[in-house]
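Just below sit the structures, each encoded as structure tokens.
Shared between the two complexes below is chain A, which pairs with chain B and chain C, respectively.
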Partner chain A sequence: MTWVNQLLNGVLLGGYYALLACGLSFMFGVMRIINLAHGDFAVLAACLIFLIADLTDISPFIALIAVLPIMAAIGWGLQRWMLERSLRAGALVPLLTTFGLAIVIENGLFEYFGADTRSLAPYIGDFAFDSWAITSNIYVGSLAVLIFAVAVVLLGGLKLFLTHTSLGREIRATAEDPDTAELVGINARAVYAIAAAIAVASAGLAGMFFAMRAVFTPYSGPEQLIFAFEAVVIGGIGSLSGTLIGGIVLGVAQTLGAQINPQGFFIAGHLVFLAVLAGRLTIAALQARGGVQRLFARRP
Partner chain B sequence: MSKDPGFVVERWTRLSAASSIGAAVLLVVLAFGPLLFAANVVDSLTNLFIYLILAVMWNALAGYAGLVSVGQQAFFGLGAYFAIQFSYHGVSVYPALLLGALLAGLVSLPISLLMLRLRAGEFAIGMWVVAELVHLLVALDPLINGETGVSMIALNAFSPDGRRAYNYWMALGAMVGLLAVVFALLRGRLGVSVQAIRDDEDAAESVGVRVLAGKRTIFFLAAFGCALAGSLWLATSITFQPRTYFGIQWTAYMIFMVLVGGLGTFEGPIIGAVIFFLIEYFFGETGVWYLVGLGASAVVFALFLPRGLWGAVEHRFGIRLLPVGYSLRMLRSNFYPGVAAAAAHDQQNGGPPPLERGTTGGNENTPKY
Partner chain C sequence: MTLLHVEHLDARHGLLQAVRGVTFEIAAAETLALVGANGAGKTTLLRTIAGAHKPAAGRILFDGADITATPAYARLRTGIALVPEGRRLFAGMTVKENLLVAGVHGRPGPWNIDTVIEAFPLIAQRLNSRAANLSGGEQQATAIGRALMTNPKLLLLDEVSLGLAPVAVEAVYRSLDLLIKGGATIVLVEQDIGRALRVATRVACMLEGRIILEGAAEDMTREQVTQAYFGLRRQATS
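Up next, the complex of A and B:
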């Protein structure tokens, strides 16, 4: 029964990874940029919410309403003042600039918040550790269920937004080919900025949940970025529904790995990521040579 | 082809000859460092040599082969870890440092099978995952005591002064050796082919450049070089703590040095390492703000001065201190550059593939960043 319980918790943890990976996947899908500061934006939002909750006794959920627009504005500015210029300089420059930005954010936060570990859990009362019993010995945390539900709603909502609204269609057109999109009257610059705003705001949302379910420090960002990236790759780059599956696979692998060894949590996640990558590349290589069946075909 | 093509192909200019002689003289002086300088100067110079190795290796990866890795600390840490293992199994200290780096270099080969098939951002962050995984696996080794770490006890066999001098000489030798290898590679066929890959991988492949082989050579070299830097760092600091050696800050330092000095130039990372060394010397005490400054300058340089300081100088004045490229000196004024470049190649070595022309075009060696 422990295994069933662990499996269930792994799936719910996967919901958190999907939420975290959503913005990363979206930004890559639209702009072909992997934002190496993605995890640090999540931590930045967590720090802001922590600050509000700590100073004013406002619930973190209410504080989120104030922080999300700030994160969206940061995303907008990021695109306008940094990524736009980086993209023009070539495919690799956004990596260098977002990496530099990550260093700035981490150490800037450290300067203000210090090395203490913090958590939002004390600010949400019993909700942090409440759980529902499904059977007599299978429990799920209510926070974990909420996070999973939010992830599903966000990913699903984003997908509907992309397919059913005119702005969504503009985003998809720009992602496909920005030059042609501009020819038919789309303002590609504005579309990119909106996409970046959505991506960074969703990182902020994930950051709040991260801080509720765990402790964080100013240097927690890179680890979150890696988890998000692994979820994206496992699920298939550019696919939002794949991201949810990728997150679940990662979450289950980590939870099961943790049963074997304390460090197994991380190791299992990384190994699954590498295995999926290796599998996908092998299949691609085989297909390039004429498909799997040709391996078994008789040689002339 | 006319008998008088109207230009000469130059690899050596008067300036590059003079600066090469200057560099040789500097090296001879440096070789006597431990006999000439005070102890703290020798220690500082050893650190500078290690930084320089890291910068040159990262530049070979990103500036020449177009592989932006944020996971080179995997090899930095592995080099140190394997050196400890060799030393623990009875190999004497300094050979152990070299063997450790070699073994880490060999480990890069199976890693390259997977990683080199990834592109741009996927490669960058994929390498980061590799570094994290290697870090976790090394920390599982009982010899390392988890994150507590272990000391290279065998180093106690040397007196502090002797150790300082040996570290210095080994770091100097490693730096000169790796610079020589990079120099030779860049002047040769591999140099042109990896730059072609960096500029346009598909185009390079279509004209017959062996993309994967070229990338793998550079990847191996960079892994070995970073591992050697790691094992040398171990020799200077004695203790091995996984968290320090596998830390992402090494990548931050490498990116800073290369971007500030000049991505894709031979001289740039050398200058970047010296600048980084000076900044660390003067501002390292300020701790976190120093790191904020490093990150911010990496952003500013990537955005506004993508060739770095040296690239800007080189472009502005058309000078080249070390003869890594080709340049054409016109004897007649009314000559089409394209024809000149084509003729230059025919004259020089009987017409290699046309691809090599564009990518080594003298001083117009514009990185596509």
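Up next, the complex of A and C:
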């Protein structure tokens, strides 16, 4: 039963990773940019929500309503004033730009908030620790279930938005071919800015749940970025449904790894990530050489 | 009435000057066929008119307004639509989505999904197929339909028959003939001189970035155009 319990909690943990990875995957899928500041945006949102909750004594869920538009505006500005300009200098420059931005955010937060660990758990009362007993031996955390549900709704909603709305179709068209998108009347610059706004706002949402389920410091961003990146790579870069699957695979690997050995939580996740990455690279190399059949074809 | 006026237009690809001092006009309901060998500058000229390529010099006036500095997406809203060389459909989207995405920012007018399907029966059964899975003819019909969804005043068609089977070319041109007879204003890049002379009201031949022969299609012989095409005749007739 312990294994089933761990498996179930791994799936739910995967919901958090999927939520965290959603914006990273979306930004790469549309703009082909890997945002190395993604984890730091999550922490920035967590700090803002903490600040509002602490100053006003309101629920973090209500504070989120104020923070999400701020994060979206930051994403919009990031694209318009930084990424758009850095993209003109080549594909590597945006990567360096977001790396630099990550350092600025971390040190800016450190300057304001200091190095103390914080958490939003005290602001949501028992909900942070409540669990439901499915059987006498299997328990699921109510917060973990909520996070998983939010991840499914966000990823599913985003997918529906991309396929069933005209703005969604414009985003997909721009992601495929920005030059041709302009020829059908789409302002690709505006679409990129909207995509960045969505990506950073979703990082903010993930940041709130991160701060509810754990403690954080101004330097927690890079670790969250690694989890998000691993979930995206495992699930397939740019694929939203793949991101959910990738998050779940990572979460299950971590919880089962911890069941095998208490120190196996992180290492099991990293090993699965490396195995998937190696598998993808091998398949890509084989395809570039003409496919698996050719590899095994008899030589004359 | 002049719809498009291009004046001393230059366009470059880095150090290479692809279009050199091109000047021409096109009136409403006219069909101008641009012919010329590969590298003559036809595609660059069309892309510059559509706003996909920045001109190095010159002016483009459309419907009386100077649109030289107008970006491509805004030019479409004024009524210029380009069907690019190689179709350039959004391969991961369905035919219907390709049409719908173009209809959002277009002008109001008679073209919608129903009228496009009526004009291009080739795609009627493929609306929910991904563009990547279409045949060449179906892709070309979708690309033209996508441009028509914007209800353009001026349709720029770049090599619509390139890479298509003869049957598909016939099907696409049958639909185009109906458009032309319906009074559409078209600039058509075409390698097939015979076809260009047949469908166009005027023909312009480009060589090394310049228009070296221009005139009414009915006044031109295939031999005249062929000579200009290969650079054997360099005097403009109009």
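Note that the second predicted complex is superposed on the first by the 282 of 300 C-alpha atoms of A that agree within 3 Å, B and C clash if a C-alpha of one lies under 4 Å from a C-alpha of the other, contacts with A are read in each partner's own complex, and residues count from 1 in each chain.
Here is the rule we go by: a residue touches a chain if its C-beta (ideal position, glycine included) is under 8 Å from a C-beta of that chain, and two chains touch if they have at least 3 such contacts.
As the structure is a computational prediction, the values presented were derived from the model and not from experiment.
In the superposed model, B is the one of chain B and chain C that contacts more residues of chain A.
Once chain A of one complex is fitted onto chain A of the other, the partner contacts of A:E182 are limited to chain C, with no touch recorded for chain B.
Once the two complexes are overlaid on the shared chain, A:A173 sits against chain C while remaining clear of chain B. In the superposed pair of complexes, A:L95 makes contact with chain B only, with no contact to chain C.
After overlaying the two complexes on the shared chain, residue contacts for A:I49 are found with neither chain B nor chain C.
Chain A uses no single residue to touch chain B in one structure and chain C in the other.
Of all residues in chain C, those touching chain A in their complex are 50-52, 71-73, 76-77, 81-82, 84, 88, 90-93, 97, 100-102, 104-106, 146-147, 150.
Every residue of chain B that touches chain A in the complex is listed here, in rising order: 62, 66, 68, 70, 114, 117-118, 120-122, 124-126, 128-130, 132-133, 136-137, 139-140, 248, 251-252, 255, 259, 288-289, 291-292, 294-299, 302-303, 306, 368-369. Across the complex, chain C is touched by residues 166, 169-170, 172-173, 176-177, 179-188 of chain A.
Partner chain B is touched in their complex by these residues of chain A: 28, 33-34, 36, 82, 85-86, 89-97, 99-104, 106-108, 110-111, 222, 225-226, 229-230, 233, 237, 261, 263, 266-267, 270-271, 273-274, 277-278, 281.
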